[in-house]
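Reading through the structure tokens given below for one structure.
First chain written, first letter: the chains are A, B, C and D, and each begins at residue 1.
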Amino acid sequence: MVDLSVNIGPLRLKNPVMTASGTFGYGEEYANFIDLNRLGAIVVKGLSLKPKEGNPPPRIIETPSGMLNSIGLQNIGVERFVKEKLPFLRQFDTAVIVNFFGDSIDEYRETAIALSDVEGIHALEMNISCPNKEAGWSIFGTDPSTTYKVVDSVRKVTGLPLIVKLSPNVTDISLMARVAEEAGADAISLINTITGMVVDIRTRRPMLANITGGLSGPAIRPVAVRMVWEASRAVKIPVIGMGGIMDYEDAIEFILVGATAVAVGTANFINPAVTVDIISGITRYLEENNISSIKEIIGGIICGEP
Amino acid sequence: MSSYLKAKVVENRSLHPLYKLLTLSPQSPVEEPRPGQFYMIGVTPDPFLKRPFSYFRKSKDGDIQIFFRIKGKGTSILADLKKGSFVDLLGPLGRPYPSPVGDLVIIVAGGIGIASLYPFIGALEHKPIVFYGTRSSEELFFVDDIREHAQEVFITTDDGSAGERGLITDRLERFLKALDKPFTVYACGPAKMLDRVSKITVRRNGIAYVSVEERMACGIGACLGCVIKTRSGYQRVCREGPVFRADEVIW
Amino acid sequence: MVDLSVNIGPLRLKNPVMTASGTFGYGEEYANFIDLNRLGAIVVKGLSLKPKEGNPPPRIIETPSGMLNSIGLQNIGVERFVKEKLPFLRQFDTAVIVNFFGDSIDEYRETAIALSDVEGIHALEMNISCPNKEAGWSIFGTDPSTTYKVVDSVRKVTGLPLIVKLSPNVTDISLMARVAEEAGADAISLINTITGMVVDIRTRRPMLANITGGLSGPAIRPVAVRMVWEASRAVKIPVIGMGGIMDYEDAIEFILVGATAVAVGTANFINPAVTVDIISGITRYLEENNISSIKEIIGGIICGEP
Amino acid sequence: MSSYLKAKVVENRSLHPLYKLLTLSPQSPVEEPRPGQFYMIGVTPDPFLKRPFSYFRKSKDGDIQIFFRIKGKGTSILADLKKGSFVDLLGPLGRPYPSPVGDLVIIVAGGIGIASLYPFIGALEHKPIVFYGTRSSEELFFVDDIREHAQEVFITTDDGSAGERGLITDRLERFLKALDKPFTVYACGPAKMLDRVSKITVRRNGIAYVSVEERMACGIGACLGCVIKTRSGYQRVCREGPVFRADEVIW
């Protein structure tokens, strides 16, 4: 038996495969298709303190080997999540990681407080790829000092393992990774979507009502792999890699460049059972290569002359 | 319970250069679909996302049939599928058409909208009155079948090549003006048509259910990509829909 | 007859379709497949003052809807270009734009000088997505003040129309566009490739000898369209859009978001005649939509409620 | 002059679960290929890039034949092509095998390397001596044809299921040791084999030409993606190659 378990800071996962926030609803949507007990962790759709309506439709459009989304962080808010969704998730022997966001440092902090002493929440993932109302709606996660401030303020109010989810829309991902580490993150996760847009040349209108959206899927995988490689060399804390993972080979690729765990996002839309296929595939890969623990290959890329 | 499985292409018949009847044989057990529900159908890796299609009917052998119109990339790829190839099938999904309360059911289909209403017409206890509008006589399908299960069938075409020339909603409006009984409308077709049906029905104090369309990614309520605006906020077409009460939808 | 001509600063092009540097060699490679006279402009492979060997192989790898390359700017140098390649290009009634780079501000300036009074060169495109030996090999085009300095120093020594080619690996593309404009660019072009990497999970080695490479092709198109849209709203000078253009529809998309001209790169590898197909397609599109000049639709995107 | 055109799949025959003989009928005029040249072959949109394949031979009807081994994604997709479908064909590309100077020509093929050497063997003025090594007897192809055009054919397999057990380069070395005439070697196969052939040949003062492989994007010399290291710097396999003088290549 190979050992698939990994540690994300203080959090132990039975295997390194988790779901990417926003692509797996609140978990229940996939219970028809897979045994949720098999997952390393379930990361739920990003929550804010109060419910959020999100952007007008159309919200999605297919692109070459990927898709754009502009959901606009629609969610039911912390209170309803805890009341209506969490009891279902507590049934499973799978870590529940709550992704959350705010439009001000205060809101981040309050949301983290509201989520911190709830039974059945095992870690927090803070999404910093969202607009800051106190800074002209610029994105928190694209400015190092804002990133430091928001992570630091959340770190101070939560005892839960804290994962900071980085935006790829930056010049220097290593810097952002280090800033998150210094501000007290237990782990970082990346990449969030890359901003893109598509225009309908017939109507001359953007395909998304919001004009721009976030690009995900295999199209962005080479960029994600590179950023995970750069980030994991810049920090000591564990890195959760994601961006276009479609199968176990892609997952191994992220692990080789330094990811301790991986998250599967858009691929769930293509195959709702893909996460368990990936877990089986990783197991097979380790067996076939006589590797007894997944930990042995984390960061196992070989560079330099053969 | 919906499932995700492979289905084999048993037949992919052209009914018109732009319309195809696709017969799929699921390779594992699937739940019985109900009229108004839909499937997500795809072939990997291209198109990247699956596309939604209404449950149309069962073939004689019990296989699932989908009736679709070629619109863009995804439907072109599906149109080229050869007998014996496989697709990924997810479903049945969404909420079916609710059962009517009264006896008088009015069906309004615009173009390919007939695909989702066809099995509903056949399943009704009381024969409905059907309004079916298309571009031209060549794009009218399954009319004989429909007649069999309908009290009456009103047809309009844009070019007058079959039935009356004009919009099906105008024909519906005329009909409703002369009607003095309670009725329930079920409609599927272009958004503009649904909006119109909705307004006409409200004016005549009827109830209307509409099956709406929106682009989809997951089909199972997870991505929040397929919402439409309703009086109770954004609702997911794949989960709360695709059938909505017309007076709930904000057009 | 529709009017396809556009102006890139002082340079008039007979149509808005050019080739992207590095994907069209020195032009002659494609003369078998298309009439080079039909192109709006030929942008040649990036030149440096002295010949450059480039990176060891493997240099390319396919990715979902795209490819990574790490050619490492191999080129024959200015002198051999002018002697061996330019005479061939002078035969055509097509603007020749020379893409160039350096590893120091001095080298940029000297290269620009060497290229400036040569008959048959109609404009310069400076590639600032390359490492600066005076700043720890960080990329010129990712730092605004370095960008300003290098563009300014080139601007002062050349009278040729100067196009600055921006790197997409930045947080704020509008800022970089404005910096290039302020430093005296006549136009900007974007996007260059996005840095990515792929690992072979069998050998655990990067697929490219250089480890990372530049992602191009349709995978990056939504990102490119968004950046061209942002950049063209930030500056007054013309913008040349590129990144994943495969057909005339993609070209129109870039023009609608604000590009005055477009460059076709990776698509040349898929179809060596794609540039002329795109020119024909644009002509047809304009005719069918009763548009008499391509200039009418530059920036013609319609945003806001229908 | 190379051209870019559509070609129709006339036949796509399996010679082994991993080896296929693809017959393509160009839909526009194409230049006559010469042994050692290659084509870029693709189907859009997947795989994204075309793949290089040597000109193998002409069919009886004058169509172009390609002999290939399934390796990864691209070759799997080509292997599934049905008769009547179309591919994009670019070629013929690269430099052919140069004519030998002396009379004694030695051919060394490793595995699928036979694909590019096969037409060269048939075109030689003087029958060559052929060394052909593969994994096993099942992966030996066209041996009877080759015998017809060769003075002698030496075969080795990794498992000894045909010819001698062992490496073809060892067999070659033994042969050359006993040889006291000038000779020219033409080799195609895995890089390791070519390296070895090159060293052996140099030691015996022979000339060797090797056909090398590298991943390609454009196939026409424009992208500089396919270079190998040579004594005169990086050279493009698609343009200066795929055939190089063995002593030029730095392995």
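Operating definition for what follows: a contact is a pair of C-beta atoms (placed from the backbone, for glycine too) under 8 Å apart; a residue touches a chain by one contact, two chains touch by 3 or more.
Everything numeric in this text was worked out from a predicted model, so none of it was measured.
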Euclidean distance of C-alpha centroids - chain A vs chain B, Å: 36
Inter-centroid spacing, chain D versus chain A (mean Cα positions, whole Å): 47
Distance from chain C to chain A - Cα centre to Cα centre, in angstrom: 33
Junction residues of chain C - those touching two or more other chains: 63-66, 217
Sequence positions of chain D contacting 2 or more other chains: 45
Touch-based graph of the chains, sorted into line, ring, star, complete or other: ring
Complete list of chain pairs which touch one another: A-B, A-C, B-D, C-D
Chain D-facing residues of chain C, complex: 22-25, 29-30, 32-33, 45, 53-54, 56-67, 69, 71, 74, 217, 266, 268-273
Residues of chain B that touch chain A when the two form their complex: 1-4, 42, 44-45, 47-50, 73-74, 88, 90, 214-229, 233-234
Residues of chain B defined as touching chain D within the complex: 45-46
Interfacial residue positions of chain A with respect to chain C in the complex: 63-66, 68, 142, 169-172, 194-199, 201, 203-206, 211-212, 215, 217-223, 225-226, 229, 244, 249, 252-253, 256-257, 285, 297, 300-303, 306
